[in-house]
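Listed after this line are the structures, all set down as structure tokens.
Okay, so subunit A shows up in both of these, paired with subunit B first and subunit C after.
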Partner chain A sequence: MPSASERLLTPTRAAGGVALLAFAAVALAYPSIAPNPYLLSVGIVVLNYAVLSTSWNFVGGFTGYISLGHGALAGLGAYGTGLLVTKAGLPSFVALAAAAVMVAVLAVPLGYAALRVRGASFVIVSIALVLVTLLVFQSWASFTGGSRGLNVPRPFPGLLRPEHHRVFFYLFLALLAVALLVWWLIDRSRFGLGLKAIREDEDKAEALGTPTFAYKLVVFVVSAFFTGLAGGLYALWFGDLDPIFQFSILTGSYMVLMALLGGVRNLFGPLVGALLVGSALEYFKVEFGNTPLHLVATGVLLALVVLFMPDGVLPALGALFRRFSPTTDSSIREVTAAELAAQRTGGDLHAQSRNG
Partner chain B sequence: MRSLETVELTKAFGGNVVLDKTSVSFRHGKVNALIGPNGSGKTTFFNCVTGMIRPDSGRVTYGGTDITRRTPHVIARAGLGRTFQLCRVFPRMTVLDNVLAATRPHGVNLFRGARGRAEVDRARDWLTRLGIEHLAGAEARNLSWGQQKLLELAGVLMSEPETVLLDEPAGGVNPALLDRIGGLVRDLNAEGRTFVIVEHNMDLVMSISDHIVVFDRGRPIAEGPPSVIRTDERVLGAYLGV
Partner chain C sequence: MPSGALLFQSVILGLLLGGLYALLAAGLTLYFGIMRVVMIAHSAFLILAAYLAWWSHTELGIDPLLSMVVTVPLFFGCGVLLQRLLLARLRAVTLTMMSVLLTFAIAVVIEGLLGYVFSGTQRRIQLGYGAASLELLGARIAVVKLIAFGLAGVALASLYLVMKKTTFGWALRATIQHRDAAKLVGIDTDRVAGYGFGLGLATAAVGGTALSLDTTIYPSLHWHWIGPLMAIIVVGGLGSVPGAAAAAMVLGLAQSLLQIELGTTWAQTVFYIALFLTLAVRPQGFFGGRLAQRF
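== the complex of A and B ==
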């Protein structure tokens, strides 16, 4: 049971609640207030990034395993959805759900192999996943369309482009809300505490009885499911898939950057990161065209985050708020045996007085 | 009788044989100590017993069940809890969460909260018993070394082990805390817990142990009660350098 101090509505929490309500209000109204369809599509791209980064954060945030291969899972979700629509003739949203389930199922053997290694080795394995899937989807042209790409029919052919954007904006928003809800549920559960113990010290967590490998695998599958959903929804919205973009190492890198920027230990960290990085990427693309400048800017941003806000924007803001609020921290000074005895006696007297 | 035994347990790192067909048995319900010079294989022994590293050959049994090559979490669930030589806590979790992380049972259930009233009460009881309840809300990384030692022990005890393996509990701990740890071990032993303690502080070992096993070069060279070990010539030669 949380202590009284933990239940208190601190200024940090109050500010967070206000920010969340403001974001929700702006997000719900955005399709109506966006000045043009282009800016509405930018909103969809940013939401897509937010879902992807939040999905990545199931693994990265809880367990500390840094995957650069989540772009492959998003690509599999996108191509899975597209192929199930074009080849199997499934209705769009049935194909979307089926593709996400397939990605989750595929994540079991992938995770079984990849999660046996830690640290840099895991990062390299995850990169290999992207490269292998890129090669397969480029080379298997008879099935995937190869470098010619794959056209995915729109699920709402009667809608004009602005309406199409509006519908998908809300679909992405709903998906983001579900992903955040599941992340929050895990965060407050005993399962989530076990995952965080893995992040802090995997060997110690294991020694305390936590089935670390099973926990990592489950959360990897959950992460893959949401990543697959985000990829599939993107395929239905954008309608044109190319392996070079779908299975790009950049996609996974963006997910990591966004989560790191916002704060991997925070529910809304990836969302904040997506808002900042997604908007910046679109700005650079508009201002400087198809130059690699946006990649340079991304690298600079990552360096700045690592140097000045290693825990991300939200924890940095939280620390700033706490600086102006009265501290509730207790002293960590070691107590002597006499002081301890006095504390206990005081506690007993307090308990007795409470009990009447 | 849930006794902990090894039969010809062997572990080598490269050409360095750290455990050499080690066969020992620890008394159930007692405070057992495992002592020996640095590099005699004590911590490797703990690591092999708790599944942290795999022995090259030999067997580990606990309560008659072969637990060799089982994963650490399965061994922990069997009732063997341990601390580490270099104290390990979850540094960026609160003291309370450090203890709650050891709550049983584990499992994937999104609707079973991490901070149920019963679990929190039990965790706070352990923190109170170890004298660090006032630090419940602090991040573990901000605690002193001695406090982290106590926190590590609280976490292990929260996991309800029948047998507790303590790897150098007195290392870097001030005399007052040392007394507290020694007293706690005796109290918990009186409540039925078995202890196996690796320790270099001979005053602590001799004062709290019922049974002592002495290692040298990966093999037990002597065992018995403190009164016997204190005067054993092999021990005096190998360990105390007399």
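== the complex of A and C ==
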């Protein structure tokens, strides 16, 4: 359904396009211009956050269901990959794919339990998931290595450390691109429209015939798959897993914070949030070490975002931009009345062809 | 097969633990009833109260139970302010989700501040009567556990009386049942909701003091409490106080009995298994009414 706005080159769109191209160029060149391997590894950590937060945004952004437990899904992807490599002897990237599929399969019963009722139970299940996986992976030491951790052999044993970082930087970048592409595709589809209807008013969406439970479950599984992939890729890169860090409630809350800060309704919102929060986190780690104060900083930042900027910085910037540009749309809708009319005739044709 | 005395002791300990769970779950249920808020920070306030009790005992030399004279009113005030200044500001449409994030942020801030002020070292109150115990039909019950249960029982009973017998309790229950209707008959629902939150947080002060008597505390301990508590309110049916109390007793008992065979760590999983099974089989919980079906 091509709408008129796609052919219009508004200043906001142009600015967005330029920003995207600039980001892509900088990201592609970053391994060459990063002055030392440490900064390159920081780049990988930030990219990992960006993938995780974009994966989280499949559920959080489309349906409005907030999960604090995606950290556990990433941890399961990481441990799944690590255990498949060490215990089953699979090649690294086969293990990665298998682990991500396993996380997605596990997400089916989880989502079944968590998504049948509305929000509150979903949040409770998501937190419980982190707590129970931490419990299991710490206690089941004979299988998971327990608190001693798990060593994952490197996929490219011949590479030196800087080269290793460089390869994984591009791998994470590719994964980010795929995740963003899938989000964009869902955003434009009927499926995405149904999900967004759930976000706006689940009762009305259901009354209009949207299969809300099935939609929520499918998008939760997609989200879990990408989260598992990101976790597994992290395991292959970092090579050392510890249950305390893998199944930390903080990982999940970072994903939420990044996505919210950037703006959950925007394709690039989580990416922007990850760039801001991820760099800040690494900076704080260098400057202040691991003090309990980083918990305080995270909490205060999250509270401020929730209270004063629940839509994120990207929409705020966009609003600022539109204020200075000669505007034609006075409606608060995302589409103008003319676009709506064009869509309606197009939509009717679609409906007829489907019914016929 | 464990001996009869051991089994009996586990049953007693399970019931005593269940009493504390019931008190704390009652607070969580109250918040949910008033505002549809899942209050993640409840157990963080619990640990905060335990730290305050520990601090007043080691630094000021007074009995930890006396710290409640300060903590209960203090927490009541915190609860009122929390509701009026922070939660009431959130948009009504996304209240359930955003309030989770906000209270989560508060929990993380409390954990970080506790770690900063008192360090991450594990703390424990050394009491004169800490080692004393009663012998009952071959079961050995620590006196401090009985005191903790007594505290929880008294607090629950007073909560019940406040809710059922006072005008404020009427207004609070009316606000929970139907906010708009309550407003129509002249109840200042905003103020009542604030006081209701204060009441809920006051239960955390009592629970924290009871907890400090016989538990080693550390800043991140609250995560070990919020999981079981949330499982309890879901199994009981969100918003139902008797349901939460019954679920607390049953799950506390189950945890205590499973500890004999599985050890403390694995016994904790009973809460999460109960949570998943409840949501899969009977998502509205076992005592929940109309309210629970929609959340």
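As a working rule, the second predicted complex is superposed on the first by the 320 of 356 C-alpha atoms of A that agree within 3 Å, B and C clash if a C-alpha of one lies under 4 Å from a C-alpha of the other, contacts with A are read in each partner's own complex, and residues count from 1 in each chain.
By definition in this document, a residue touches a chain if its C-beta (ideal position, glycine included) is under 8 Å from a C-beta of that chain, and two chains touch if they have at least 3 such contacts.
Fair warning: this is a prediction, and the values are worked out from it, not measured in the lab.
Trainee: Identify the partner contact of A:135: answer first if only subunit B is touched, second if only subunit C is, both if each is, neither if none is.
Mentor: Only subunit C is touched by A:135; subunit B is not.
Trainee: Look at A:302 in the shared chain and tell me whether it touches subunit B only, subunit C only, both, or neither; answer first, second, both or neither.
Mentor: Only subunit C is touched by A:302; subunit B is not.
Trainee: Looking at A:151 after the superposition, I want to know if it touches subunit B, subunit C, both of them or none. Which is it: first, second, both, neither?
Mentor: A:151 sits against neither subunit B nor subunit C.
Trainee: Applying the touch criterion given at the start, work out whether A:218 contacts subunit B, subunit C, both or neither, answering first, second, both or neither.
Mentor: It touches subunit B, and subunit C stays clear.
Trainee: Which positions of subunit A touch subunit C when the two form their complex?
Mentor: 64-66, 68, 109, 112-114, 116-121, 123-125, 127-128, 131-132, 135-136, 138-139, 249-250, 253, 256, 260, 291-300, 302-303, 306-307, 310
Trainee: Given the complex with subunit A, which residues does subunit C contribute to the contact?
Mentor: Residue list for subunit C touching subunit A: 32, 36, 38, 40, 86, 89-91, 94, 96-98, 100-102, 104-109, 111-116, 120, 219, 223-224, 226-227, 230-231, 234, 238, 265-266, 268-269, 271-272, 275-276, 279-280, 283-284, 292-295.
Trainee: Quick check: in the complex, which residue numbers of subunit B touch subunit A?
Mentor: Per the touch definition, subunit B meets subunit A at residues 50, 52, 71-73, 76-77, 81-82, 84, 88-93, 97, 100-104, 106-117, 120-121, 128, 131, 134-138, 142-144, 146-147, 155-156, 159, 174, 176-177, 179-180.
Trainee: For subunit A, which residues are in contact with subunit B within the complex?
Mentor: Going through subunit A, the ones touching subunit B are 1-3, 5-6, 182, 185-186, 188-194, 196-197, 200-201, 203-215, 218, 265, 328-332, 334-337, 340, 343-344, 347.
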